[in-house]
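Just below sit the structures, each encoded as structure tokens.
After this come two complexes, each holding subunit A, first together with subunit B and then together with subunit C.
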Partner chain A sequence: MSTPRDVEITVGYPALPGLEDRLEKRTVKPAEGDAAPWDATTKFTTIGTDVDRVDGLQKASGRAKYTYDITFPGMLQAMILRAPIAKGKLKGLELDEASRMPGIGAVVALKDLGAKVRFVGDAIAAVAGTTLNHVRDAIEKIRAEYDLEEHNVDYVVATDAPLLSATGQIEEPWAEAAELEAALKEAKVTHEATYRTEVQTHSSLETHGGVARWNGNDLEIWLSTQATFGCRGELAQACKAKGIDVGTVTLHAEFVGGGFGSKFSAGIEGLAVCLLAHAAKVPVKLMLDRFEEHTTTGNRPGCLMQARAGVDADGRIVAWDWRSFGHAGFTGSGGVSVPNYYTADAKKRTAHKDLNIDADPPRPMRAPGHPQGWFGAELFLDELATKAGIDPLQFRLKNDREAIRLDQWRFGAAKFGWDAARARKNEAGARFLTGSGLASARWGNLGGAGRGTPHGITCRIHQDGTVETRSGAQDIGVGTKTMMAIVTAEELGIPVARITAMTGHTTDPSGPASGGSTLTPSIASAVRHAAFLAKQTLVEIVAKHIGVPLSEVHCAGGKVGSGTAQLRWADACKLIGPNPIDERGKRHPNYAEKPFHASQCGAQFAEVKVDTWTGLVEVTRMFGIQDCGLVLAKKQAESQVLGAMIQGVSYALHEQRIMDKRSGRMLNGDFLRYKITGVRDLPRLECHMHSIANGHDSVGAAGLGEPPSVATAAAIGNAVFHAIGVPVRHLPITPDKVLAALASKKG
Partner chain B sequence: MSNQNEKITTHQDLVPRDLCPSMLMKHLLTHSMSERVFDDRQWPGDGYYWCARTCTCVGPDDEVVHPKDCRPGRRCYQGPQA
Partner chain C sequence: MKPFTYVVPKSLAEASEAGKQPNTVLKGAGVDLIDRMKERLQTPERIVNLLPLKDELAGVAVEASGELKIGATTTIAQLEQHEALANPALAGLQAAAALTASPQIRNRATVAGNILQFTRCWYVRSEAFHCLHGGRGPTCLAMTGENRYHAVLGWMDCVRVHPSNLAPPLLALDAEYSTRLGDKVRRRKFTDLFPAEPRAQTAEHTLEAGEIVTAIHVPKPAAGTRTAYCESREKLTFDWATTACAVKVVLAGGKIAAASVVLGAVAPVPLPRPKAAALLLGEAPSATLFQKVAEAAYAGASPLAHNDYKLVVGKAIVREALEQATR
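And then the complex of A and B:
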């Protein structure tokens, strides 16, 4: 092995309009055999251009087959019997009568006698039958008996929740912290307030579930998942634990109708469909219904947050004290994150406590802990800035320590028209009040090679000039296939139209789960490496054919050759022969050298119109700027940002789980009563993709799924504060809360 | 006081060395254990843990799955013995 060569690259980004560039030279040491890194000076032909989603027509025309669409002759349908109680024990379970019902192929218990029941919707048993009507009839015949225990589904009154005043303020005294207290005492302006968010349930359009069939001991399963390889291993282990002698497990998830963090585990529904198919000896489909989706597949936890802080005479934050209490269902995962880049020099303290209740536990949801924490922190910052007499943008420019975001604040403010928007005065007594707000975003993911065997990609070049790029990892709808096609096209110098990208079959090379914004940064450079290796092989074939030294042959611009001896791509591929070039690329580790920036920065601006008669808030326009390292698939990246903003509008104004305290049951577990932003609610949305060469691997992509979802609700909350002059500190910002805030202002 | 002398902590740093291999979490599946932790959390990941043998947040022993609990001494523990 020879020592990898040093390569000098340019990292950073060219100047945003009206600002200076941030470009730096850096020397990195790529792994042996890897492609030379792309950097800020690379002239791309496909990357960063507008390329349509490669599977868009398949999806729009209904030809894309999701798990929900999979069907086999003789396949049974299945459902799960759910517990109607929030807390207790299963003391009796009689399945025989259900098993004898007409059309029933299998009935399995999912909970042992004596086991705890932890929430309404806990899985008790599953039934497979010819039709869902047969299954419903059989489920009616299952006799389940429970020992009931007292339950609580309200985290605000959990045993260890903080005491709240009549106005919703946390009343508990703060713990002693001498340095912090001293900093607060010395501050010119101090402020303290309590914030609250509600539970947002997972609402993927394709519900959780799968289709399973066994061939002897071998299991083949189609699963709506965001972790093909993780779920394959999980199901093998779970089936073995149930006494099944499992051979191979093959998992398919070529198209997935959303995940957002709720589909990492195969779930009890995934295990149930495998057990039913094994017992029935025919394929079985089990997809959750919408109520099950709202009540059993996780959520973004609600939380209480209390903050106090102080600023000095220059408007700099000198003290920051933050505590949060998160609803954690019956487990313990109600965490809240808050921005740390405003408070680098402050005396500070953060603390969090989970509050357990008898409800479905949270699961990761697009930037776990962040939208709720940022809502509280950014609104708190605006209140603090107002008290200190400083414009919210200027307050952030004084305190934000991220150089990239400082540029984004300035660029975004100019693009949004911040100064004019903030200067606009509402007429006294006007029914409609407008306001503008802003908020920041942060995430940190540059991907990696993976544990053990690095993430892999197959690239095949066929004799007819077509190219395949394949990953066994899933595309949960974000445009992974398009990204793979674009990177391959760029490396090979051919149009995207020649390339077929395939994802979601565990027969292809392994890749990571889609979560934490890891997938693209973790596989993009493996995609490139596979194409790079396949290109080298093609170049060798062409060099031999035209009789030119290998070092003189190049593959670019749809041609392969040297000087005047150039073959068109299609002609070069004819030399390959019947067996395709078939190379496997791998994700090399990130360079040991420090990247330009290890996190991703973003900023969003929102304008709202508030109806003071009804309390209704309308978001009228939003602008977001977001960095995701090198922008590979521009249209799909923009789609990610705009989609996150739409989800954020929904979180800010509409979504909340409403629980019946007496029964422990969710009262609005459907799309009729669980309000989600619709087309008519949407503002004019614009975004700017801020492409940055971080220089951490041969491609330089960074995560994008989570970061743009962090700022939206916070920016809207601040815009409402600006419009009506009083903060609404409780999400979602529904009309009743706006009217109450307006009344408090008058009163 | 936290964060005064900021030390970089990763999710891997928060994993007990004797954790049961059946305990799963997002960061294991996304291969992101070396990712930096930005806050004061005591346990790795997002707090959502489940068992590969039950596909739920409850282990084979009917108790909640958590890295503080899925360790030697628990009835269903399947990791390497020390």
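And then the complex of A and C:
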């Protein structure tokens, strides 16, 4: 192993079509024993190419086993009794009759007598039995009594909620801010408006839940989670707190049907299934039903947002005042983020207040706080630009301080045909109006090495030429396994088909949660490091075999050897013997040197068609450009962007939790009435992956799960504004709101 | 779901015998029924499956008289794709079938089941709520609760809407239905199938317990007949109509000689609007005329707190249906 050495690399990216190169030299110091960094000059064979999802066939054929599919002989099924009230105390809980019902194996209380009940759906007790029908019968025999208290599930009228006018504008006076107000006074054009969003649920296809099996004191659990190691620790502690003497805990989550931020914790359902299995002494399965999934596993909070701002004669933003109020459930945070790169030179202020209601609290959801904040801010900017007589794109180009996005705006606008789209006029009196809008995206994460134990990866090369790459972290459906296979294939110089990627078993090396778009940037260079070490071992074996000094042997292009003494990969691997090469790579810390781009940028463009008769908005086409450092798995990266756009269309036009105020219960907690975009509602979607060499570790990947979901609803909101000439400031943009906006225009 | 006895009849006679037993329900494809049973909103002791009676109940045929006979257990997809429906006089029925639910559901769900389905009201279809229509509470909860998808017309003490896509065009076409109860066979006008006074405590339809709908008959349309069916929705894929309208016009010499207008999804029953239709008689089609008809179709509407948008949308849909039928 050599000592740390300086390496000169090229960072940045070659010109986007029609624009200029943005390439720079950097000197970085990789850690001892790490692979030399890939950079903008690296010629890749597999990285950045279209590789099919490695587990696609398993998933499409049903051979992929999700937690939902796990079953054991003698396994019991379980359900949770949920509180029917939104607020109060548990006064009485009688479980005996339920536990005597036929087919019942275990009943456990999940709430103590006298404890607070915080929302409809709060967990009270859990029951395990032979079939769900037995369990359901037993649950009906549980007598739970409550002391009722007044509740409120509408954040708009929560204590602390701002005063609203009849048209939904915040009327509360702004707190004093002398300098900002002076800047507003001096501004040439000013604007003020209120925006609002509704609660969106995560709606993962696989609901939360698990299958638990105890072997003496050792717990084995299959869990639908996006944090295998976090949940393992959480469950060990939670079971101990319940008086169980816990030995080891092994957690499996090989396939996970989505999480979107709602599955960081094992939750009450995770604990309940462990307790039931412990009490029943047989394996137990507890998966939430769709209603529980909608109502007890978090959400993207709704919020009220208000902005006032002004521009100077040049169209530059000189003053920016922003406040938001987010619903926080009975606890948690309803935080809202706003873009800060438009207002770098402005006198500015942002303020946020959480509003508590007696409902299921928010959980992080794909770019928490962002889609809602960007919707408000970007629509506000278009209204302001329109007032100032400036085209929205020009307005962005004038005010956006992020150089990479300026390239993206220009490239995206050309690709989308922005100028032509904006110049097209709707015919007077036409029933269908078209319009176009754009919006920006931002995220900031380059991953990390892990706290305490660094993230690790196992790479094994077998004598039959196959390779394993293994992480104990989970693939929640985004394509982590595929990414791992691609990086390994690239490092070893062999086809992806030889590689098996495995995720989700805590018996493999530890890795991060799938959150904050950190998983790929945090493990990609560990995957590479493991492959790099395994390759070195293979090279040593081959060197010995052909009798050539180690330094002269290379492994590339499916061959291992030196000069004319080359072994094909398969032949080289035959030298390994029955025990595979088994190396453990680790994630080294990010280089101390400044990366080329420490965050992620994106821009999206949308075109809509609005039916002025029925108020229905159809998104007809969208284009998105997104960077995420080095694009590793191009197809899967595109799927992330297109998928985020699909989810964004749904958020913009359809999704909203509708609550019955009297009971505090969600009315549309199913997939019939909780409306999610379907195929016929989708626009023609296109995206461009903007690959950037960041130079922050040996791979240079940045996160991608969240950034592309930031801009979509905002771009659609702006397109609707352009089409009908009045803004619809309240998501989702349903027909009733479009018709009300059109009516307001007529006066 | 509670355990029940599953009756698989070998003949219609056997089915109608079984259907007369107490606490027994008839099942088409079960798309609607099983949903409610899973929620334990309906807990029958016996279920009589009608699907095996293919010879007696399934299929579409054009009779010698020119009448179209639709077997009760014909699937929505079979109806939609039947060649007899490729006729401008039946275009409304075909469109209504094609717009229903999703391909999977259309391939399973039966025509009779669609017409006889229970309302979609989110209060009555939830085991957590106790309302009058569900027979478990004193009042209609939607009337004073959340009602964006509820009735704007023709409601009394319950603001549910009738969700069937197929009922409005069948009413517009003056369809009839045949039933069998025990040995009794009857044939009646479609209007008789729905309660004249749709109160909370009246069912969605007027059938007696155990009465089996065996077929639906669409009389031979007069020459020059055209129908159309349009609906408004919140999304294009797999959504329920927020308002719907089926129209029939008979055009003769550029004038409308006969007409009917039936609204769906806005009242507790599919709602014929004869006064609105009468405005069309003797007139030539025009945008102004259609606007007038649309206004008349929604005359006397009483929207609730969250659904006055239905009036604007509903009128647009009446106009659109009339435009399509006269295009």
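Keep in mind that, in the parts below, the second predicted complex is superposed on the first by the 743 of 747 C-alpha atoms of A that agree within 3 Å, B and C clash if a C-alpha of one lies under 4 Å from a C-alpha of the other, contacts with A are read in each partner's own complex, and residues count from 1 in each chain.
We adopt the following convention: a contact is a pair of C-beta atoms (placed from the backbone, for glycine too) under 8 Å apart; a residue touches a chain by one contact, two chains touch by 3 or more.
From a predicted model like this one, the values you see are computed outputs, not experimental measurements.
After superposition on subunit A, the partners subunit B and subunit C are seen to fit next to each other with no clash.
In the superposed pair of complexes, A:V156 makes contact with neither subunit B nor subunit C. The superposed model places subunit B and subunit C at 120 degrees from each other around the C-alpha centre of subunit A, with the value given to the nearest 10. Touch criterion not met for A:I244: it reaches neither subunit B nor subunit C. When both complexes are overlaid on chain A, the residue A:V726 reaches neither subunit B nor subunit C. Contact with subunit C, but none with subunit B, is seen for A:L667 once the two complexes are overlaid on the shared chain.
Of the two partner chains, subunit B is the only one that A:P368 touches; subunit C does not reach it. Of the two partner chains, neither subunit B nor subunit C is touched by A:V7.
Comparing subunit B with subunit C, more residues of subunit A are touched by B. In the superposition on chain A, contact of A:D354 is made with subunit B only, not with subunit C. Between subunit B and subunit C the least C-alpha distance in the superposed model amounts to 24 Å.
In the three-chain superposition model, subunit A touches subunit B and subunit C at no common residue. The touching residues of subunit C, counted against subunit A in their complex, run 1-3, 40, 120, 122-123, 126, 128-129, 141, 145-146, 148, 232-240, 242, 309, 312-313, 316-317, 319-320.
The part of subunit A that touches subunit B in the complex is made up of residues 112, 115-116, 118, 123, 177, 179-180, 227, 229-230, 233-235, 237-238, 241, 261, 264-268, 270-271, 298, 328, 330-335, 337-338, 340, 347-352, 354, 361-364, 368-369, 444-445, 448-451, 455, 512-516, 518-519, 522, 598. Those residues of subunit A lying in contact with subunit C across their complex are 84, 133, 136, 613-616, 618, 653-654, 658-663, 665, 667-668, 672-673, 675, 677-681, 734-736, 739-740, 743.
Of all the residues in subunit B, the ones that touch subunit A in their complex are 1-4, 22, 24, 26-36, 38-41, 46-50, 52-58, 60, 62, 64-66.
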